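Each remark here refers to the structure printed beneath this line.
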Amino acid sequence: MSSDEFKLDKQRGARTGLGEAVFCQNKTVSQITAILESVDSDATPTLFTRLTTSTIDQLSAHLRGKLDYDAPSQTAFYRFDSSRPSRPGSVAIVTAGTSDAAPAREAERTLTFNHFRSTRFFDVGVAGLWRLLERVDEIRDHQIVIAAAGMDAALPSVLGGLLGAPIIVIPTSTGYGAARNGETALAASLASCAPGIVVCNIDNGYGAACAAIRILNALKQPSQPQQ
Amino acid sequence: MSSDEFKLDKQRGARTGLGEAVFCQNKTVSQITAILESVDSDATPTLFTRLTTSTIDQLSAHLRGKLDYDAPSQTAFYRFDSSRPSRPGSVAIVTAGTSDAAPAREAERTLTFNHFRSTRFFDVGVAGLWRLLERVDEIRDHQIVIAAAGMDAALPSVLGGLLGAPIIVIPTSTGYGAARNGETALAASLASCAPGIVVCNIDNGYGAACAAIRILNALKQPSQPQQ
Amino acid sequence: MSSDEFKLDKQRGARTGLGEAVFCQNKTVSQITAILESVDSDATPTLFTRLTTSTIDQLSAHLRGKLDYDAPSQTAFYRFDSSRPSRPGSVAIVTAGTSDAAPAREAERTLTFNHFRSTRFFDVGVAGLWRLLERVDEIRDHQIVIAAAGMDAALPSVLGGLLGAPIIVIPTSTGYGAARNGETALAASLASCAPGIVVCNIDNGYGAACAAIRILNALKQPSQPQQ
Amino acid sequence: MSSDEFKLDKQRGARTGLGEAVFCQNKTVSQITAILESVDSDATPTLFTRLTTSTIDQLSAHLRGKLDYDAPSQTAFYRFDSSRPSRPGSVAIVTAGTSDAAPAREAERTLTFNHFRSTRFFDVGVAGLWRLLERVDEIRDHQIVIAAAGMDAALPSVLGGLLGAPIIVIPTSTGYGAARNGETALAASLASCAPGIVVCNIDNGYGAACAAIRILNALKQPSQPQQ
Amino acid sequence: MSSDEFKLDKQRGARTGLGEAVFCQNKTVSQITAILESVDSDATPTLFTRLTTSTIDQLSAHLRGKLDYDAPSQTAFYRFDSSRPSRPGSVAIVTAGTSDAAPAREAERTLTFNHFRSTRFFDVGVAGLWRLLERVDEIRDHQIVIAAAGMDAALPSVLGGLLGAPIIVIPTSTGYGAARNGETALAASLASCAPGIVVCNIDNGYGAACAAIRILNALKQPSQPQQ
Amino acid sequence: MSSDEFKLDKQRGARTGLGEAVFCQNKTVSQITAILESVDSDATPTLFTRLTTSTIDQLSAHLRGKLDYDAPSQTAFYRFDSSRPSRPGSVAIVTAGTSDAAPAREAERTLTFNHFRSTRFFDVGVAGLWRLLERVDEIRDHQIVIAAAGMDAALPSVLGGLLGAPIIVIPTSTGYGAARNGETALAASLASCAPGIVVCNIDNGYGAACAAIRILNALKQPSQPQQ
Amino acid sequence: MSSDEFKLDKQRGARTGLGEAVFCQNKTVSQITAILESVDSDATPTLFTRLTTSTIDQLSAHLRGKLDYDAPSQTAFYRFDSSRPSRPGSVAIVTAGTSDAAPAREAERTLTFNHFRSTRFFDVGVAGLWRLLERVDEIRDHQIVIAAAGMDAALPSVLGGLLGAPIIVIPTSTGYGAARNGETALAASLASCAPGIVVCNIDNGYGAACAAIRILNALKQPSQPQQ
Amino acid sequence: MSSDEFKLDKQRGARTGLGEAVFCQNKTVSQITAILESVDSDATPTLFTRLTTSTIDQLSAHLRGKLDYDAPSQTAFYRFDSSRPSRPGSVAIVTAGTSDAAPAREAERTLTFNHFRSTRFFDVGVAGLWRLLERVDEIRDHQIVIAAAGMDAALPSVLGGLLGAPIIVIPTSTGYGAARNGETALAASLASCAPGIVVCNIDNGYGAACAAIRILNALKQPSQPQQ
């Protein structure tokens, strides 16, 4: 690939507080290779998302060896510093079903890469309401809730009525037929009867985690900016 | 209107157990007048649905006087025999919000016209879950549940997980934007995570009641038809 | 898979009268393996749906051997007790075409697993009306009708006009072009000119059977709950 | 209106066998006035479709007086010669419901204007199948069938299985919710399980009649054009 | 496959004038085998459509040997009698592009199987208008026109303005992006500015040919059925 | 209206930190009257949204007099205590165009009613990028950004790349044709190339403000809940 | 209206070569009044689009008197200098039908306001191909073609095959049913079989004219910018 | 393949100024072979687009050897004369991201084949606005801008506000979920807040280049055609 096909935005972290990240879907193996070589040239810690096992297998062994890859979330860390302490704030990651685990794990990995902690509350969807109710107090102990749900996405509405925390919904593509690849979960979340819920793109665990980071970063700022 | 534009299906009651009914939307005043005169000619008890106040006002005073009209549900009874005892079985009519009252009342009126009892559980949507949980035992005392919900239609999924009764969903056109005139509530009900929920057309209170009547009529039949 | 990714709802049967079931689509082989091991740990009879031949082949021989798998319906029984007598009530399963057999068989297997009987009336669609008319009396002998139809889904409307029984439609993804993967059959069933028909998600044989079970379970309850 | 905004296609009749027609929807009163004056200038017989009562009322009394207007079909004849004998061939116009009468009448008027005969079979939809079956022999006596149906449009599929004649479907906008302003009837007709049915635009009675005229005109041609 | 999964409609030919046909898409190899054995048991001439090379290869050599298979159109004849003379009438099959050849050939094969003649006019789309104009007189010599076009489907509108013959459109799935798998060609054909064009489902060459056969069969009937 | 049609959720404030609010669209005048009388009975401060001038005019003068109504935002305050000091935190409300002012003002009023401050940055859309760039430092001084944009909704993406603050998008129904009543702005916001942007329903200024309040409330909590 | 709701982009002309313009749809009368007063304060020539007769009538007589309003195109000129000579270049504005005149006239007025000439070729749609063919040489004499077409939008494809000029399509909302308010014309134009056609939003005559101006302005620049 | 399935439009160049091109998607290998042989028979320079590596590999080595194939753009040149000098005019090809490179390169190759120059400005999307701003002066030096962008397609709106040049948008299918395979980028481009932007089909680099060529060819014509 000729080198004029990409231009990394290495100032993004300074501007927005979000670490460097590369979205790999729709990119060819040669484009990903070129990007990896570029970040490797100046050792920029980088998160790779939507990186399939098939693509990983086509990278050179040399480059592949530099990545910490997690198959269920299709993410890879390049030069993640695990010794750095967690930053303040914590996030509950809630899923309606087991099938929603992949985007939830993408959110979890993105938070980890950015040095934030999170806790899993998986498979607590409302068809068995007791599963949610028995854990709601634990969830309430977190500052932010990320809720991944497909099909009818009833979970975020129930959470929104029970909790005062910011709730970031990841509509997932779980389901079939009228679930329409996540479009129904997306629309239902947007039209939720519970006020103040906010929504990301379908299966966008990375985006939900970035939204949580934006909020957690805001916590650290002086809270009366205008006087 | 020339009389060759309609043909009443007066045998429908015998075939399907559902009383005569006329859907008035998309019909002209002159068509409705002709139909009313026809049912009046042999005194067939008839339910009129989707009959607007504006249309009622354009009927002759003579015909209008023969109708028992209910504006909130846009229904009218022609020759309903209120002295007849209720038939066995009872139906809980549950709505997520106040705005869902119109189709819920259409269902209620249809059941009444067919001599079945029902009970209202209105405005118990899941954004305030306690409203539903404090009444769920009462709802459980009914054989059939009709659930009217718009926006994200989370209510039917929660009900489906709590109850073993047949649950008939009326997705409603309540909401705006991503609620898409009820399409989101419809899709979410169909894609519900709770098993065995069944769905009618958007705002179709009449259809939900007819489905309940089909079930209640099935109760009276011998339960081993095949031996 | 870490064990915090699923949480079985083993009380569902007590709450709703529906046996334990696991929807396998969108789940990974390792998730299904973990769930199978969990139900095996306390011998809970469980129905697996949307379980493909490909997934079955990737399970360990040990686990696979514990399943009664039916490829055409993509269902598996874990610990189904075939010696238990059928419960009262019977269901007619009607399809418009041969191509609708898969979801119809999913419904049939779900009924069987829950100890209800059913009868097949396959390929009786309305393009050859005589096929339906010659069997309509037999169908009428059943308390509940499940109707699977794709393309234009004209069959449920014709059935709805001929029968008084509850009619549960499975719109199927049979067809191409304007059939839109079952969306047209779904919309046509919802907009049916026959009153009181109810609808499940596209290809959702499991859901249709659960709806039938909810109705048949209601039959056993005292019919005057309110006095 | 400046005269450069329209250009009548007065040779269309010679080319296609279809009389001059003006589609009035989306045209302003001043545009329709200018067109009327143009056809009046050389006395060209013309059919006006989608001409609302409101527009008619805004025309000058002079022009209005030259039109034979039919409100239910929103059509007007300019200089129709009723003394001319009918041309060979006959068309059955069948509707599923009373609400489908308007486009059916548009088809009827278009046939009349072009000197073809037709017969009405209105309100014979499949929810009451006997209504259709008792008239099917009469319908079979016609060379062409135009079938207008909304909602689920099950009627054309049943007709297509019973008859060998050309069947031209007018999907109608009758219905609500999942009927989607006729889109469901349109899609169901296109996806019909009965072979060889053809479809026009929603509510397009004019187009269905033109299609019938194209067929009836083909009858008169020598049937072995290629030798 | 158990034999209760299909029911052939062998009376269809008598009722509708269309020969026996089996739509193979969405059917399993075992279902197709069973149907083939059934038609073979009484030697019923049968047309198979949407029969892929892959399915053909999975049939037993014995059965495969009885079929006259044409890969480009995915059709097979069982017991086609090529010695029977053509029936009167002829059809022009016109395509906008080379890519539309597959459904056009499905139409051609369906006509052949039913003993009607047709002529090809392929790749005469309007982007190079001269290609159409130089052949329009030849096309005009046919009684019926079948027009297959994808993308914007401009061809049928131009044909509709030039010819008086019945025009049956096959919208095709040729194209990408805004062509939306044939939906745009379908909608454009339905909304055509040329009057009296009729439309089949996307890529439905079989249906277009059946519609042509319905028309050609109507030619043979006495043309004054009503006196 | 019978009093069983609504059930206020007066505990919502305690559970979620959001004041009582009533969504008036889809509610009848008599329903709104009954709700107003209910909140008046115990003097609960209440925000009314989507309250049209036409509905306000149909309320009794007595009730109307108790409301502080703002026509451009279609909101009314019942018993807002303007003497109460603002709570910590501030919100920038940015709009792409003048036409987006109505939902932006709904957000502003909701914040005011809940005692939070906000600042307007209206009509700074990217077609004239200098308008945005000259104010971006001022916007950066706020903890949270609410961005209202219709048509192509390019503004939130540009903001997302420039700022690290939480950005809550209100897609608006501004525009026509391909803007599809806000659906395009909604989809574009969800698919934004800028990471961590979150989205509310179309024109949902109330929801965006509630999301901001959830975040601002989270600021006040201890930031290490898990140790 | 408070003055912080709009911010005019008076440098746009210098940046892009397009005169000041205000899109009035979705703006209130008070917003338009404030904008008019602002442009009047420094006498900036301004084009107002989508300005309805109803809005014009609600402006003060003083402001209304300063506008040159054209009702058919819903445009108004503020301080258009008609004495200024036309700029080089000319544009053919072609419409398929009379009903497409409104957006075509919006394009014409926008060109006039920017001092470019144009010529009308209205109602030359392809259903009567001779109307187009007899004027194609005249059209070819223009540097740029703007083509407005609704329904199936076949006209731009035919033009694209006949001409080498830039062709800018305005899909129009003319039509009904499957025309889907211009969506079909839009999609058909985008999927056109003729190469190099470009498309604007539905009914966007203003945008088509701006695109033409961008092209005509490019003509004046030196044609070898890179050496 | 029989030779009656295609008909090349070799006069297209003379009529429209665009070289011969063959769209290979939806064509079979045998159709492409036949076309190649035809252009080879008279040595017509031809551009092949959407030609996959898989198809190339199935061509005969003889034919394959005559093609100059570029895999990233899926284009092939047959008899391109690289010695011919470039024609006047230059085009900037701008992409929002690396993932948009494929259609951008298709545009680049089409321009090259037609002897026009272009310059790449890849990966300058607005999420990192500085990347665009630092190159905007370079872009401004070109007469025409082709902008390829997926997801939210914010880039063309920003460009449209900064530049006066003609801007031709290629919406790309980059993205997932709400990006809807490029439909969102397409709709956002059409609804852009920047005036005079024009749009091609999704991923249609060939069409964008043809539009640029139409404009560049117009430059060479006398600019006062009407006097």
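Observations, loosely collected:
We call the chains A, B, C, D, E, F, G and H, going by the order they appear; numbering starts again at 1 in every chain.
The definition used in the following text is that a contact is a pair of C-beta atoms (placed from the backbone, for glycine too) under 8 Å apart; a residue touches a chain by one contact, two chains touch by 3 or more.
Note that the structure is predicted; figures quoted are calculated from it, not measured.
Under the contact definition stated at the top, the chains bordering both chain B and chain C are A, D. Chain centres here are Cα means. That of chain D falls 35 Å from that of chain G. Centre-to-centre separation between chain B and chain G, using Cα means, comes to 50 Å. Per-chain Cα centroids separate chain A from chain F by 26 Å.
Among the residues of chain H, those in touch with two or more other chains are 12, 127-128, 160-162, 173, 175, 177-179, 186, 190-191, 195, 201-202. Chains touching one another form the pairs A-B, A-C, A-F, A-H, B-C, B-D, B-F, C-D, C-E, D-E, D-G, E-G, E-H, F-G, F-H, G-H.
Taken in their complex, chain H has these residues touching chain G: 12, 15-18, 21, 88-90, 117, 119, 141-144, 160-168, 186, 190-191, 195-202, 206-207, 209-211, 213-215, 217-219, 221, 223-226.
Interface of chain B with chain A (complex): residues 96-97, 125-129, 151-154, 157-158, 160-162, 175, 177-180, 183-195. Residues of chain F touching chain B in their complex: 1, 4-7, 9, 11-12, 23, 25-28, 31, 35, 50, 171, 173, 182, 186, 201-204. Those residues of chain E whose C-beta lies close enough to touch chain H in the complex are 72, 98-99, 101, 120, 122-124, 127-128, 130-131, 150, 173-179.
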